[in-house]
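Each chain gets a letter, A, B, C and D, in the order it is written, and its residues are counted from 1.
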Amino acid sequence: MSAAATRTVYRDALVERMGADSTAVCLDTDTGLFSGVDFGDAAARYINLGIAEHTLMGVAAGMAASGWRPYVNTMAAFAGARALEAVKIDIAYNGLPVRIMATHSGVSAGHLGPTHHALEDLAVMRVLPNMTVVVPADGASTSALLGQVAELPGPVYVRLGRKPTPSLPEDTPPPVLGLIQRLRDGGEVVLVCAGPLPVLAALEAAETLAAEDGLDVGVLHAHTLKPFDTATLTAATAGARLVVTVEEHWPAGGLGSAVAEELAEHAPRPLLRIAMPDRFVDTVGGQERLMADNGITAEGVTARMRAKLAGLAGPAGTATVPGTQTRPSP
Amino acid sequence: MSAAATRTVYRDALVERMGADSTAVCLDTDTGLFSGVDFGDAAARYINLGIAEHTLMGVAAGMAASGWRPYVNTMAAFAGARALEAVKIDIAYNGLPVRIMATHSGVSAGHLGPTHHALEDLAVMRVLPNMTVVVPADGASTSALLGQVAELPGPVYVRLGRKPTPSLPEDTPPPVLGLIQRLRDGGEVVLVCAGPLPVLAALEAAETLAAEDGLDVGVLHAHTLKPFDTATLTAATAGARLVVTVEEHWPAGGLGSAVAEELAEHAPRPLLRIAMPDRFVDTVGGQERLMADNGITAEGVTARMRAKLAGLAGPAGTATVPGTQTRPSP
Amino acid sequence: MTAVAGADTGAETSPPVAVETTPETGAAPDSEFLRETALRIRRHIVDMCAGPEGGHLGGSLSSADILTVLYFSVLRCDPAAPHDPARDVFLLSKGHGAIGLYATLAERGYFPVSELETYARPGGRLMGHPVRAVPGVEMPTGSLGHGLALGLGFALSARLASRTNRAFVLMGDGELQEGSCWEAAIAASAQGADNLVAVVDRNGLQLTGETEGIAPLEPMAERWRSFNWAVREVDGHDHEALREALASAPWEPGRPSLVVARTVKGQGLPMVAGKVHSHYATLSERMHARAVRALRAGER
Amino acid sequence: MTAVAGADTGAETSPPVAVETTPETGAAPDSEFLRETALRIRRHIVDMCAGPEGGHLGGSLSSADILTVLYFSVLRCDPAAPHDPARDVFLLSKGHGAIGLYATLAERGYFPVSELETYARPGGRLMGHPVRAVPGVEMPTGSLGHGLALGLGFALSARLASRTNRAFVLMGDGELQEGSCWEAAIAASAQGADNLVAVVDRNGLQLTGETEGIAPLEPMAERWRSFNWAVREVDGHDHEALREALASAPWEPGRPSLVVARTVKGQGLPMVAGKVHSHYATLSERMHARAVRALRAGER
């Protein structure tokens, strides 16, 4: 399986974009992502503002209001937390076309620890009006989504990683911004996932559950968290016994919440949310290990789904989701 | 009906607390909330740091780590957005007993506009591990909850308003931190609400729907958003045809999401989330008006519930929550 | 909430010129005209503070002369073409001075003066802090410490497009306790953004007291100089001094410019001038009448 | 992740004294001892950079002498009582210099030197940035611009409890581009926190280049003076000069103290010294061996 770091794929795509779009601007905060990069004729449109994340967002807003299309560069923890108020007021409120390119998301910073992890960013960005929130799952989806992001008239948050992560299967078609991508058909149990390792874990878990448990398992790739594709979700989960979300984020406010909100409002379904536990991750390890330690692997997902499915099946094989059996017919 | 501003009730309670607890410290950021206040012997423990919200959180963390119990004072927009990273790392990660007293929450800043509104704070605080998130609904519940908050060993976010809002009915017992308060019994339709105007709107809507539509309507006061009282929620909604949340917050990540998460995982139920719409509020008006403009009144809640209930009842009176009728028996 | 129409990235347009003429008479804006304009602006401020929500009286009055000079003899701007890419941009970083800005924009012709009566009234668009729905407002402000970075964004935009327009930012002195101001100050001098001009409304007071008692900002000029800005100090109520300083910026090539405008909070109203409680006021009918008389008397 | 045990709010305890004796010999920490200790710390830094993840080599080496002097001749601290309320507190605001801090804490006796081998290895507690699970680490850092406000919190805590202990904060020079540093600097001098001592590791380099090329920080000393701090500049590799400056703080009653420590990024390793790419390195076996030889040679 090939591998790529979504941030370097983005970097290379941006260099190209800067050449093609004379309104694109790259605003940097001493990240090092562009060290040694040659922007060619576009060099004047690369600006390193120093270690200054609030300023970054404010400058980007001023430039976007003047007709430029800034790509701002920082880590997810600094975009979503350190500079949040500038994102909220200067960028989101004004609906300005700033592209917030956030690297080191989730626990991809690995051993760098809690100050460099961002397990809150999706909750934070999703609550902001006017914001488009995108989570690519590998190099190919990063390229595909970036091309579409470039055309958006409003602000976008793009969640990127740090080190290479394995690619999705080669035959995966390019994702379409705003639309859930069906990676595997199946309606009995439906996995909804976002981000490199969660998507791979979900695909493999689906395979296992189909092969070993005879289940009909679907996998939905929800790369666009906002706006959320309600229609595809409700259609794909209409007959499901169980919906499962898998993500690299704390439990509140991320993909699991988005799906919970949609399902509860449009088509109540038993839901299992698999996310990073509600605590800071301060054990040493790389991204893959830290997620494995917390159950986000194919095996972990499989095991939790089996347990949940066993709980759903009552003594006489009837649904025992608390309360369902007592639902009064209206 | 009497009225009080939760922030002034808090202020008066803090003055008392500072007298009684020699480890309590009041850290201010030029808010004006304490202008003219006499802390008496505790005066040395009042410190105005100037207009410096990030510093506020860092100083509070350092003091809490040294054994003090800081009450930090700023507006909700500046606590949850401007200073978020300091809250995340310095306070939440360390689990330090800092009390974040956030005034001007929701749209209580009224005509002061989007820079002073905080419709994202609950999403932001709820995603942080170790954080207790509390939303008092009136003066009495503010006093009651503050007394309990004072004893907590970890960080707390307390969401306060700006101007006086009407009190809950006089016979309302004091809320218990961490436990949902049943304000009205009823199991057919259950309203879950938090914050002054939403609770009042919910209570009145419940009355109307009981009187006019013959429904058995319960009202739950979910003043503690984190940790969330799953047990009471699932018990109280076990037989419900519809659960409705009412809050002064944007739709993603707040009370509605907390309830959606809990229901979907523990007891799927049709849910209607009533929140401020997903856009910045920049029309002129006071808190009550801005909420009314956006449907958060007794009438608005009543109307939306009626519409939702009508949608739930299918042509033959059977449930038509999308998909429920096709749920395969396991 | 929609983005500004039209890309500002190099299209050739003829730049609007600064008002070297008064809007009404066609004559040069003499000191009398500026004085009268400032008085009208102060009158509007006082009127708005008698409205339903009151208003940020003191800081709006301390900024009134700065705004008058900027909009009537310094800024290249045209109310008829508020999005002209070649315009000079103004940002009220101390967004709580909104009523002063509204009064100035109305007097300058961005919208009818009569609209000022709608301030803080439901149905209107004049909120307690500036929002972009109001013609002439470039960016919403109100959370302190945002304006300088925004201004730098506009300044860099102009430079990238090879334009000569400037960005002006008005900050409060208490506002300078926010670290974001200094962060942007570092970036601005680092970028050599000499088309960025900042003014500090140095009225010595913040919300709860004297800046020097709460968190001192002196030596103010030295601070900015050490951040590699060009600095001038002027009497913030002296139109000619303000005009000279503002119009002639940049004073040092490659450096952003900072005007320390020494002002009095509540200037023009002896009953509140220099007093901390001037910060926010809701004027009763009686107080309003007294304030109007005081303004008139002061001008004579 | 648990709060520090025991309230630090006035209980009478006898304060630990600064190490006026070397841990091993009982003799005064002469220059030879400090030099050897710093060399051992540098050796640990180099070793950790040869581990699985590499490490922040340059900035850790530039801080090594500052940390040596602090922990071995300035701080009143006791590894046996790391939570003693009377201790001096140290915060590594430039948290990416973690390996230098770990090496120093281990040498000072907070945990076994052998544990340094576990750096960045699963199962261990030594992460890329300091966390409180590590004995001696007061606060987690790593996001730049947090240390000074935290330090002010400790300093104010001591004062409120009528204690004489101090808080020391080590910042990077690039870090000073963060506005939060200046925000805390204003609050600290406003509070007259003269038990707060900050050191800037002035190595002239940040992650991608020279600070003066990216966002200049000079005139550094003037900046801090204009923020009402007492300032001294020293050679950040001269133990005696560092010790003199740090041990004698506060230098001016009522003012926090700032040491501008002129350093070389990568100091001790000629192959990377003064080079921007020293910032982060994963040393191969060959490079590691070369580095160890260079350290030894430099010390002779």
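One rule holds for everything that comes next: a contact is a pair of C-beta atoms (placed from the backbone, for glycine too) under 8 Å apart; a residue touches a chain by one contact, two chains touch by 3 or more.
Here the structure is a predicted model, which is why all the values come from computation and not from measurement.
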| What is the set of chains touching both subunit A and subunit B? | C, D
| remark: Chain centres from averaged Cα atoms put subunit B and subunit D apart, in whole Å, by 42
| task | Mind checking the centre-to-centre distance between subunit A and subunit D? Centres are C-alpha means, answer in whole Å. | result | 37
| task | Give, as an integer number of Å, the spacing between the C-alpha centres of subunit D and subunit C. | result | 43
| note | Contacts with two or more other chains occur in subunit B at residues 49-50, 52, 54-55, 77-78, 82, 85, 89, 93, 114-115, 130, 279-280
| task | Give the residues of subunit C that touch two or more other chains, as numbers and ranges in rising order. | result | 1, 140, 143, 145, 177-180, 183-184, 186-187, 190, 214-215
| field | Arrangement of touching chains [line / ring / star / complete / other] | value | complete
| note | subunit C partner, complex, touching residues on subunit D are 145, 176-184, 186-187, 189-190, 214-217, 219, 222-223, 226-228
| note | As the complex stands, subunit A meets subunit D at residues 30-32, 34-35, 48-55, 77-78, 82, 109-116, 279-280, 282-285, 289
| query | For subunit A, which residues count as touching subunit C in their complex? | reply | 22-23, 25, 44-45, 47, 49-50, 52, 54-68, 85-86, 89-90, 93-97, 130, 153-154
| request: Please give the residue numbers of subunit D that touch subunit B in the complex, ascending. | output: 1-4, 6-10, 85, 132, 138-140, 143, 145-146, 148-158, 160-161, 167, 180, 183-184, 186-187, 190-191
| task | Note which residues of subunit A are touching subunit B in the complex, please. | result | 77-78, 80-82, 84-85, 88-89, 92-93, 114-115, 119-120, 123-124, 126-130, 188, 226, 234, 237-241, 243, 250-254, 256-261, 263-273, 278-280, 312-313, 317-319, 321-324, 326-330
